[in-house]
Amino acid sequence: MIKQTTINKCTACTSCVIDCPVTAATREFKGPKLLGPGLERFRLFEQDVEASIDYCTNCKNCDITCPSDVGVSTLNMLAKNEFYKRKGHRLRDWILSHGELFARLSSPVAAIANWGMAFPLTRMVLSALGIADRPLPAYHKTDFYQQFHALRQQPYEQKVVFYPGCYIGFNAPQVGMDLVHLLQANGYEVIVPDVVCCGTPVVSNGYMDEAREKAQHNIRALAVWAQKGYPILTCCTSCGLMLKQEYLELYDIEGSQQVAEQHYDAGEFLVELKDKGQLKTDFKAIEGSYLYHAPCHLRAQGIGLPGLELLQNIDGMKIAEIDAGCCGIAGSYGFKKEKYDISLAIGKNLFQAIKACPGATVVTECGTCQLQIGHVTKAATIHPISLLYAAWESNKQASSEAE
Amino acid sequence: MKKSDVIVIGAGLAGLTAAAAVSLQGHSVTLLAKGAGTLAFGGGTIDVLGCYDGRGLRSPKLGFEALPAHHPYTIAGKQGVIEAMFFFQKLCSEAGYPLEGSLESNVWVPTVAGTFKPSCLVPKTMSAADLAKADHIQLAAFAGLKDFYPSMIVKGFQRVALYAGKAYHTVPVETHLAPGRDITVLDIARWMNTMAGQNNFVSQVKEQIAPGSYLLVPPVLGTEPNYDIWQHLQERLNCRIIEMAAPPPGITGMRLRTLLLHLLKKQKIALIEQAHVSQAEIQSGCCKSVTTKHFGRERTYEGDAFILATGGFLGGGLVAEPLAVKEAIFGLPVASMLAAEQAAGDGLLNAGPVFQSGVNVDEKMRPLDLHGNLVLENVHLAGNILAGYDYCAEKSGNGVAVVTAYRAAMAAVGREQL
Amino acid sequence: MEQYFDVIVIGGGATGTGILRDLSMRGIKALLLEQRDLAYGTSSRFHGLLHSGGRYAVKDAESARECMEENTVLRKIGQYCVEATEGFFVRTKGDSEEYEECWATASSEQGIPDLRISAHEALRLEPNLAPDIQSAYRVPDAAIDGFRLVWQNAQSAVRYGGVVRTYTEVVAIEHINNQVTGVRVRNTLTGELKKISCSMIVNAAGSWVGRVAALAGITVDVTPDRGSLIAFNHRLSNRIINRLRPPADADIFVPHGSITILGTTSVPTAKPDDFEVNREEVLRQLEAGKALFSNIEDYRILRVFAGTRPIYSPGGAGRGATRNFAIIDHKETDGLLGFLTIVGGKLTTYRLMAEKTVDRVCNYLAFKAQCRTAQEALVPPVPQAVREDARRHLPAYAADRAIDRLGPRIEQVVARIKDNSACRQLVCECELVTLAEVEIAAADSTTFSLDDIRRKTRMGMGTCQGAFCGLRGVGVMTGHLAKGSTAKKLLREFLEARWAGIRPVLWGNQLREVELARAIYGATLSIDGAMNDEKE
């Protein structure tokens, strides 16, 4: 768990304030420096309420920019948790952070659930609860777990563990399946253990105890594979950051260090195969122009932008990095009525850059980034793994045509 | 294992400049960034050499003669300094944000403390060479702005010989920013980013200032590295607007950093954020690779040459323990007098030898031990990690960063002139 | 300005201001003279422990009992300078079990309540303690802010008609026919000289009593004994932690507001203002402190400082000497009428010392009046409604801190904020001090420097040690600059004062902070730059 003494590293330099997208978007937020390490010295012995902590999106831009490795975002999340303990939760907070539960319930009747979401009466109820008027993520009729278990994998000696996360699990299972196919093509058998939501939305909505339980469950499920030395892959960058870093910062769970050390972002894993000359899959460029958006939670992982790297290395692939900052959705944040405008304000520069390239498809690892970008710019979005899968398919087709 | 021609460790001004120089020479670069350097919140002026031996210098060149052998400028050589400055000016110019000034003379930039700081290359918005000729100087006083006290500034200027006899006027400006946190220059600069903000500023100020006069403002003319806002306002107000130097968030440094990062992205260098380099692999006096470790797994980066621009104490390149100063990654020998009580000097600003701590280098910026022997063949140092200078007393911080970064970069790609 | 006072008190520490308060409350016309700012001496340079007496239980029974009684009084009257943190006495792995038994017995004999708790329980309550502590006792220690104590005594005295003059040095004691008639003083800021007459002088100058007595040609044997202290960036514990062993260096950790102070040492010295700390003694204290907080090396040191204990020991010296006080009537010892010196003692018993001294004064002046200093609070309590109003208007966590400093004067700060919301701005973000409070402090007639503001508001005493608030503080003071003072001068003085405390501990994260301060004031603002030739 993050040590109390981390606040000693802060020099009050203001780097975090400068790079904080929430600070740029709203005057209400007092800023990460004051709310994080600044007030932490007082939280050690005082009880008070700094309500603006609720504006923190946990985007990690403060951590990325901090030259002193303070871990500002974690201090903020812990403070937010205390804040919610005192102020209590709204039903809306519970709904938005427990998407997995709804997904598991709704997925079997996805079509009805999705239709129901669009129904005016539903929307009125959601609005009254404090949920923003924007499309909610749609459930897929066959969730990832069903599709995965229906697949007959080629058994291989080399194995990887895949942690799908809620978004790929229930809303975008195709991405997970694309990864499984790619891994199989590279001689890996995929294991999907019994895991639950990584806890990202419950952490940022102040349900820390519950988040800890989820973490304990996941570490128990993953540690046994980590001990065997199997890589543990994620496609969702927020789940990835959780497993690789936040579990270590927020809790003290035995086995979490090993899991962190075995964690790979899916793109990162494929890049490492490529660097070792072990990537068996060949790719052929896909038609069209692509813009890559780096999710904040990927930039925070210290692994560069592997998805972009893979795509840029495909001859003829027209892909450029947008590099225009946070999209603003921050998971459940952008779905909250009173945060909606801030969410859009945060992503302003990004949306402008995308709109300047009409017809381009936006490539990004984060499911909720995709939702935000699609919602505001109407641009098509795709996960880099899916684009790679398409490029692989295209190559296979071209090769077989060539024969 | 990732491989590049050159691995740059550190993303402060020195690291960013070195990465730019290497990549513009056509080599592949990986930049490992732990976090932002002081450039992010500091000033974006290239202070080359403003003071030496307690005297202000009219030009950096006048001071070069007096510098001791181990000073980074002496090691770089006068020609090296000239080339580096030329490189940097060209880089900024081509990015649409030309800096003004030359090594022939220092400029005195007004600060929000009511003082003037010596600098060499400054953004056009801070170019104040003609300010001394003004009879009448106005200060834009944004309501509620922290770190800006007009009467302190005026009183300070009035104590400076060249500025004593002038008329000073404060021009109040309301920003109508939404209520909330304390107002800093960052808030106002973002307000000025918008056309509405600029129009509002013009409409408030226009009636209050005389055409052809001088208006001093805190560093608030936008957050981007261009002069659009400044030029727009000067045209509409028909006056000279000069930005002052201010404490963090300094805004002007942020602009320069944005410029450099955009350039690096354009050059397609590999920028790895949250990269905490923990150790290096050395074989026969040569660095083979460096390893990052934060949470999770270690990652290794291989290169033919390495540029170490991790900073001094503030940046973390040097770590001070009670009885020793260590260099954090390679364990390089550090020239430091921290252990000696006397070394600490008798004042925060005149702090004596302790703040000159750092690593000694040869003319290729490669680390030397305390006997002058080469430690590593293919590692080049730049910036505040270097020994032999005190940026605070000399007003030479960004200058040393740029000069040594350029030298290190050229040495790393084998292009240095000796 | 008054030229005659019944009593002149020399020395603006706890003892002096305590005496002034008692005199004023009893209706005696009194003036206090202090050569620098109030609490310049020992009263602001100790670890801030309001003893339960436990520390003296074994060796000095009388002191222990006195401490216990006065501790109770001060908690009652000093709501806004005393924090009832309670304390632990903790025996660590290397400490003697026999001493523990001895101590426990002696404590209960003195009536010092202590409650034995298990090491496990101690660790539960204070998780940062070293995991291998052996045993712990709860005692009613409290933390006292010496500076606030002194100021609150002074303010209370002023309410009763007392007068305080700071930056006023006594340069001569005048007497005719072996009877004190008055003093000559020098304003240390302006150099102005003045005469003031009086019937009595009370020499309460702490470590300086010898110097003051010498002005009247009298020798008082006080041996200043220097103790150095270390301030850490944050609370390591919410309770005072005492080491359960025979008193030695570095055996007390005291939480103060947002920081922790570790002390102390004991070294006889010749000078009362020997305030220098050297690195070796810091490292020795840290080594000793490790037994209580094994992670001590992870804790950031903000600064170190030192003060001198005025030890009155015609016999022994240092810790061995009695911590009792003595009132010397120089009529008896030196044949000078109307001159009393109060010497020795410790801060915890300042009120008792003052009471006894003023009893003597009353005797001398043939004046009958009861001492009420133990009955009346130093500062009237802050009504709940005012507290809530403050919480509504000040930033989060700032209100209670400000109330602790200001007591009912918080209303002035709140009124200012209500009048102009810009005054809600935080000048000092580390210690959460609002512009309203700093403006009020700057306008005060006893404020002459940034350090005066710092002492009153805690501005600059937090993590950044003035790196950011220095400039803001000077900006606020611009409207109140005394003649000859400039913003640059104020800033430099302020920074150099901070430097003095950081210089012996130039390592770790505080060194990084110093570098940032140098970058701001040296590189960006160039306050020492050569173009700033000033017209003096």
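The letters A, B and C name the chains in turn, as written, and every chain counts its residues from 1.
Note that a residue touches a chain if its C-beta (ideal position, glycine included) is under 8 Å from a C-beta of that chain, and two chains touch if they have at least 3 such contacts.
Fair warning: this is a prediction, and the values are worked out from it, not measured in the lab.
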Most central chain, judged by mean C-alpha position against the global CA mean: B
Between the pairs A-C and B-C, the one where more C-beta pairs touch: B-C
Distance from chain B to chain A - Cα centre to Cα centre, in angstrom: 35
Interchain centroid distance [CA atoms averaged], chain A/chain C, Å: 52
Cα-centroid distance, chain B relative to chain C, in whole angstrom: 42
Two or more partner chains touched - positions in chain C: 426, 468, 508, 512, 516
Two or more partner chains touched - positions in chain B: 38, 179, 248, 314, 316
Overlap residues in chain A, where contacts from two or more other chains coincide: 11, 13, 30, 34, 68
In the complex with chain C, residue positions of chain A that touch it: 3-5, 7-13, 30, 33-34, 38-46, 48-51, 68
Complex contacts: residues of chain C adjacent to chain B: 278-279, 282-283, 421-422, 425-426, 468, 471-472, 474-476, 478-479, 481, 486-488, 491-492, 495-496, 498-499, 503-508, 511-512, 514-535
Of all residues in chain B, those that touch chain C in their complex: 38, 42-43, 47, 50-51, 54-56, 108, 111-118, 143-144, 146-149, 151-152, 155-156, 159-162, 164, 179, 182-183, 245-248, 250, 312-314, 316, 320-322, 338, 341, 344, 347-351, 354-355, 391-393, 395, 397
Complex contacts: residues of chain A adjacent to chain B: 11, 13-15, 17-19, 23-24, 26-31, 34, 52, 63-69, 244-245, 248-249, 260-263, 275-276, 299-304, 309, 321, 323
In the complex with chain A, residue positions of chain C that touch it: 128, 233-235, 238, 255, 258, 295, 298-300, 391, 395-397, 399-401, 426, 429-430, 432, 462-464, 467-468, 508-509, 512-513, 516
